[in-house]
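Going by the order they are written in, the chains are A, B, C and D; count residues from 1 in each one.
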Amino acid sequence: MQALLTEILDQVRPLIGQGKVADYIPALADVPANQLGIAVYSNDGELYCAGDAHTPFSVQSISKVFSLVQAIEHSGEDIWQRLGHEPSGQPFNSLVQLEFERGKPRNPFINAGALVICDINQSRFAAPVLSMRDFVRRLAGNPQIVVDRRVAESEYQHRARNAAAAYLMQSFGNFHNDVEAVLRSYFSYCALRMSCADLARAFCFLANDGFCKHSGQQILSARQSKQVNAIMATSGLYDEAGNFAYRVGLPGKSGVGGGIIAVVPGQFSVCVWSPELNAAGNSLAGIKALELLSERIGWSVF
Amino acid sequence: MQALLTEILDQVRPLIGQGKVADYIPALADVPANQLGIAVYSNDGELYCAGDAHTPFSVQSISKVFSLVQAIEHSGEDIWQRLGHEPSGQPFNSLVQLEFERGKPRNPFINAGALVICDINQSRFAAPVLSMRDFVRRLAGNPQIVVDRRVAESEYQHRARNAAAAYLMQSFGNFHNDVEAVLRSYFSYCALRMSCADLARAFCFLANDGFCKHSGQQILSARQSKQVNAIMATSGLYDEAGNFAYRVGLPGKSGVGGGIIAVVPGQFSVCVWSPELNAAGNSLAGIKALELLSERIGWSVF
Amino acid sequence: MQALLTEILDQVRPLIGQGKVADYIPALADVPANQLGIAVYSNDGELYCAGDAHTPFSVQSISKVFSLVQAIEHSGEDIWQRLGHEPSGQPFNSLVQLEFERGKPRNPFINAGALVICDINQSRFAAPVLSMRDFVRRLAGNPQIVVDRRVAESEYQHRARNAAAAYLMQSFGNFHNDVEAVLRSYFSYCALRMSCADLARAFCFLANDGFCKHSGQQILSARQSKQVNAIMATSGLYDEAGNFAYRVGLPGKSGVGGGIIAVVPGQFSVCVWSPELNAAGNSLAGIKALELLSERIGWSVF
Amino acid sequence: MQALLTEILDQVRPLIGQGKVADYIPALADVPANQLGIAVYSNDGELYCAGDAHTPFSVQSISKVFSLVQAIEHSGEDIWQRLGHEPSGQPFNSLVQLEFERGKPRNPFINAGALVICDINQSRFAAPVLSMRDFVRRLAGNPQIVVDRRVAESEYQHRARNAAAAYLMQSFGNFHNDVEAVLRSYFSYCALRMSCADLARAFCFLANDGFCKHSGQQILSARQSKQVNAIMATSGLYDEAGNFAYRVGLPGKSGVGGGIIAVVPGQFSVCVWSPELNAAGNSLAGIKALELLSERIGWSVF
């Protein structure tokens, strides 16, 4: 596996230079484009790494999975009163569908849906950001994981589109806490800094029927774990969810920091990272690396 | 398996009466609502049946998978110049997205996409309907399969919405043959009459890396077979694709005749049939039966 | 007036070369771009002409006013069961709003609305095209007016977008006659060939409370005449209706043949013609000429 | 005129009870529904009143005309870089079009457009609300006019939809000041309390080529005055602008407080008030009263 990962990174490295690092906030635009890492964590607890697998980066929308898992943990099926689990067919930050569907977001992985999930968690936790940070540290088995305050603040300064979504939902009665406070939490989650190794470990429970071996905790029931994977499979990669299923065939979730996590149910969790994005906002080299892995070792769930 | 299927049908039978048989054409409205059947076909060639598994019904949109497979067989990746493989997030017959995206349908399982696929096949075959019928007979191993001319004609009489989609695509240069002729073919495919047993057999190649054991033919490559499954997983059940993944966790395709086929990669193909539909246009008892099967024997791909 | 018209044409002539002749059908693309004419017809029966005011051209969408007037004449307020009289805020040939509003077009001057009006007239007249031609001849006082068969046929060959609109309305039950037959009539109306002088005369009744002095006929009631002007004022120039009101301040209707008619209630009807169009599909020099006229002799209704 | 106004109020009074007082904020829901007033102000300075013409009410969206006039006064044509003057064809508070058109509102009379105008004025004035109040006092010749702080505060508490619009525009770079500050100003303008008599007087300059006789000031140029009227004619009554032109035939602007102002260019300004609204959010009895006036004394501009 180790050799394979190294080989795959070598194969996709030439793609660097063909994508574009996210630049909507300065703190992300600064990230050196030539970084590339991958980590695979097996259900029996082996970690395989290659490239910059131990360099922390901004997880961004990958945090939407953590938020969803936290919400399912404490609120269960009730959350589906407030959002759906259908693919949206619209850009991740579009308000069009949200207005037509009267403030109920399509799924937890578009921004509006993630904001509702944060609103749910905000109602639940006295200190939502700390709760999340500790939850993620526990999942990853790494007490060093932190929120990058500079990134969170910078995102907050550029909050306009997300604020619009939150206020639109509030106008339909589907937002319960103070908008600004929830946005602060939301951007803090996005600003978590984790490495490929951290993320592969943190998501291993989704490959293992909800059980996190290294912490010894049942994070979700087997059924809930499958459900989260199902939502990732249909809605995890923005406008490119269909293409990711077509090319890679795994449940996955991407972030504009250039990370992508994917799950091979029953076997592995994997995280790949390369900061340059394709036109759909997903890591260009990252998707290619996962496609090669899927082809080479038959990982597709289909 | 046999016993399990019977048990599951017994469990879902109480749902009959809670849905609504498709009634947009008289020929479908006539179908007795209390029919219920299921067939499972294993990769090693065993067929398990329960209920009305041998009663032929109108396959309707399930035929969109046959058309897609035919198109991939002879035109390969080229077809993706003309349509996408992303979920649409819109009703199956909506023209809104089609206009915004300049006549390029999102995927082959919404009506517009299926019409483009039929247009591609129409350019290829001298007698497209016969070619399709023979292809399906071969896949199902049943030379008795026919197109129900009365249903096809009735659908043609009610073609307005599909005609609008086809002309809209023509206005964008994405429709090459005579609209009326392609619509005739399209409705003929929808009007194929097949039983659960026929359909389970016909789709076994998608559970078997593209190989159809009983005919001894490699219908698609392993990779293509996974790709078709991926498209079914993200877009196979209209507006309910996400929910189907969430509840059942299998690639599948439904039709308004009340049939649903699903694929357990590496193991089984399955077809369930009950004519009453839910609000999203999918068989009410059918989805429930697949959900129970998925729970009972851990069929979810996730 | 004569001198003023000549002066205004001289002022706008330099715009020729900055627009684009409609080229979606060959028969229109052929029209020499350097033609420019204007005709003003006063309520006391004086005709003032300048430039190519007597050269016939393809009236195109200006015919939508004739169709509407015919429909009001024989069906009165009933027509508003089937379409609205609100501005659409969408391109003239968009299907998006039509689908959202379940097949009821916003107004009679977008294509879908004009098609419904033609459908209404089709139900009424045994020979709709002849009836229309004779109606227009009578209004213009010119028995030489003809339908250009070559243009009508060419438009029919490129009917896809309009066919899509008609079938979409049929799918909502808002289209009663054979789609192809109504499209034939519709394109025949668009293909009427009339000069500026013909059109200024033909529309004089709208400046005169519904009364056509030269034919001695009350075409519409005073109230109906105002209503038609009101619809032209809010919806007569496609996406540019607001801008036309802002710059010119008159009820008007344009066609892609480069003609624009406008009405100065109580005083004049006017027609200007220059084949080159602006980005919104309205005659570039034509709008400028009307703006100058409006400024110079205070014609704005506002 | 006096007698006519009284007669018309008697004719429309039976409509009271068939509409619905705006109730999205408590401060408006409290207004007694059975009030009804009208005031007509002639270009030669005569004021004709009937009913509750001297009772102040919440002008709400009628203030959008004041804001627009203020913006034109000091910023001229430049404002059209930031918004259009086309009818929108969408509900007054919709974000759909705003997103498609990248944050540039269609016109100054939908909420998004009025917010941009307020943003422009906010950049210009040190104390925007005081400037507006004084401007309105001067126009109406009434130094008693005040902002109802309770209404403004209540609207601010229910700002979610307008906040969403403002943030969405900010995300496209079309909002320059602090969103919350501009919303405060915007709601203060809406909360101006004026009577029919105040409003008829305040808008007389639009009937008089921009000149306000009682203050002796040229508020706008004649051309600008016509332009404002043109925008009211195509976009002044929300989704019902076309219907208002069709039935009444005058430039006008309504507010959810139940007021409607209209302009008879060259002759009169008029204000009618009745708190109950129709389904489109316009005063039910108010529109009917204006329709009767228009019919009875031939006021339509068409």
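Convention: contacts are C-beta pairs under 8 Å (C-beta built on N, C-alpha and C of every residue); 3 or more make two chains touch, one makes a residue touch a chain.
If you're wondering where the values come from, they're calculated on a predicted model, not measured in any experiment.
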Given subunit C and subunit D, the chains that contact each of them: none
Computed distance of Cα centres, subunit D from subunit A, in Å: 47
Subunit B-subunit D separation of Cα centroids, rounded to whole Å: 55
Centre-to-centre distance between subunit B and subunit A (centres being mean Cα positions), rounded to whole Å: 32
Touching two or more other chains - residues of subunit B: none
Touch relationships between chains, expressed as pairs: A-B, A-D, B-C, C-D
Subunit B-facing residues of subunit C, complex: 94-96, 99-100, 159-161, 163-168, 170-171, 175, 179
Residues on subunit A engaged by subunit B in the complex (per definition of touch): 84-90, 97, 106-107, 223, 225-227, 229-231, 233-235, 239-243, 245-246, 249, 251, 263, 265, 295, 300-302
